[in-house]
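Both complexes shown next keep subunit A, but they swap its partner, so subunit B is in the first and subunit C is in the second.
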Partner chain A sequence: MINSEKLGHILQNFVAGLSEIQGAAIVTPDGLSLSSALPPGMDEERVAAMSAAMLSLGERIGSELSRGSIERVLIEGEQGYSILMDCGQDALLLVLAHKSAKQGILQLEIKRIVAELKLIFN
Partner chain B sequence: MKVSKRAIRLKLYYGESFNMTNATLTETQLRSELGDFNSIICFRALITGLEEALGEKAALISAIAAGRIRGKNLVAELGLAGQKPALEEATAAMSQALGKEGTRLCIIDKIEATDSGYRVYCRETVCSAGEPQGSSRTLSFTLGAVQGALETMMGQRLRGTQVESVLRGGQYDVIELNLR
Partner chain C sequence: MEVLRLVVTGPVGAGKSTFVRSISEIQVVDTDRQATDETAQLKQKTTVALDFGRLKFNKDMVLHIYGTPGQTRFDFMWDLLIHKADAYILLVPADRPAELRNARVISNFMQQRTKAPMIVGFTHMDCPGAWGAKDMAIALGYGRVDIKRPPIIRVDPTNKSSVAQATIKLVEQFSQNLMLKR
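Moving on, here comes the complex of A and B:
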């Protein structure tokens, strides 16, 4: 059984570790929330379903348009970034970051947490 | 005001468009000539069309999510949100709302408690209807609706998976819901 307390702890540390990270969620591939640290007002369940659908749509685009396997889906908006990453077969990670976030640092932090999550899910 | 069972059923069926104060109306149709049911053929075309456009996985996620919202709203309308009813009562309420007397999504024969959640036995699900024996198709909207309804009734977060299918030798489409 997945330890949701541990997942919550990892997420909270991740979000608190970098001021430009505004929120994060761990979601099952079928769109259910496992743990989240999202900004107030965001519907956790809706975010989970959207994230899973978006990542699988990215995978579909990768396959249909011959882009190969997808590492991440990045949505760049006026206010910031939404990044979706696969964490193995059982989970995916959503990260919300402010526009001012430095891409290099952000990617390093995401890589670190994904490695940590993969250990839990594998 | 005493509200008849029929009025409750109509309210569940029509949602907010049915006014309980008009409970004496025999039928409220959303369409004057065709009535309120449409064919499973069109439902299947919607699902297969979404699969074609978005891919099977994204379509599945979307249909499950839509079903969960339907299940949650249904239970809220039934006044059973967070009420933790006995499983017999939950089965009866869901059967009436979703079965022959309701929207005809499926027949729910039984809900069992398991060590880690629930097991729901469904028949004649709209998701499996018309599929050939041996088909790999799984429940989507139906699974979501059952999950959303039970989550809201019981105040628990569940994860649903289909563990048996009438398309693959089962007597029922069985949904297992585990606590997450």
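Moving on, here comes the complex of A and C:
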């Protein structure tokens, strides 16, 4: 049984911990939201579906174009980053970060939360 | 070589991925994931981005066939795929009348975004509890003969020759549409 309260707690802490992180969501591989802390005005259902679609395409590119298993999918925009990470078989993580975020710190924070999430999902 | 982009759309479990697999001559690029929503009662896996298949139709024409996800939450993929479609087929499962409403939602969504010709394919006609073609047509709003309606065919996505016929129909529809425009 997944503890959704705990999930929400981990996500809230993660978003609150670094000001450059503007939002995050945990979704199922088929695009349903498990928990989210998103900027106002973003539709949770839509974000979840998009995250699943993007990561699945990224993973498909990885296998089809011989890039091996995919660590993350990163979309760099003018305003910031969208980062997608696999959290085991049952979940994936979306992180929205501001352009000013330091890549090193961002990656480290994401690594931490993914490790935490993997414990829950595996 | 002319490339024709065909889109296969329709509600969950209509047979879109199977359709693409039946017609493609290359290994289909799919994005199947374990279903965890109500889809799971119907089948284990569901498409979350797209299916892609390819077929050399004749010496001058290659078909690129794209299958869409069925669930409304993936409507951004419907939008992405339909804009470049030259023609599309709406698959509707006859054994699950509850999906008729979703089929109409998808059909409206597409028609607001493209003028590309469409055909409708009824699937699962041989399943227990399947509706007849006439009732299906009425339920989809194609009951009246005085209103222009898209061609309606029966298609079995698991049967290569049935899918081939549907594809030929779709290409014909595209060609006719092209002639009308000229």
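Keep in mind that, in the parts below, the second predicted complex is superposed on the first by the 122 of 122 C-alpha atoms of A that agree within 3 Å, B and C clash if a C-alpha of one lies under 4 Å from a C-alpha of the other, contacts with A are read in each partner's own complex, and residues count from 1 in each chain.
As a convention for this text, a residue touches a chain if its C-beta (ideal position, glycine included) is under 8 Å from a C-beta of that chain, and two chains touch if they have at least 3 such contacts.
All values reported here derive from a predicted model rather than from experimental measurement.
In the three-chain model built by superposing on subunit A, subunit B clashes with subunit C. Using the contact criterion defined above for the overlaid structures, shared-chain residue A:I120 touches neither subunit B nor subunit C, since it reaches no partner. Contacts of A:L57 after superposition on the shared chain: both subunit B and subunit C are touched. Shared-chain residue A:L74: touches no atom of subunit B or subunit C.
Residue contacts after overlaying the shared chain place A:D30 against subunit B and subunit C alike.
Contacts of subunit A with subunit B, set against its contacts with subunit C after fitting on chain A, overlap at residues 28-32, 45-46, 49, 52-53, 56-57, 60.
On subunit A, the positions that touch subunit C within their shared complex are 28-32, 45-46, 48-50, 52-54, 56-57, 60, 64, 89.
Touching subunit A in their complex are the following residues of subunit B: 54-55, 57-58, 60-62, 64-65, 68, 157, 159, 180.
Against subunit B, in their complex, subunit A makes its touches with residues 2, 4, 28-34, 45-46, 49, 52-53, 56-57, 59-60.
Only residues 29-31, 33-37, 39, 46, 48-50, 69, 71, 73-74, 76-77 of subunit C touch subunit A when the two sit together in their complex.
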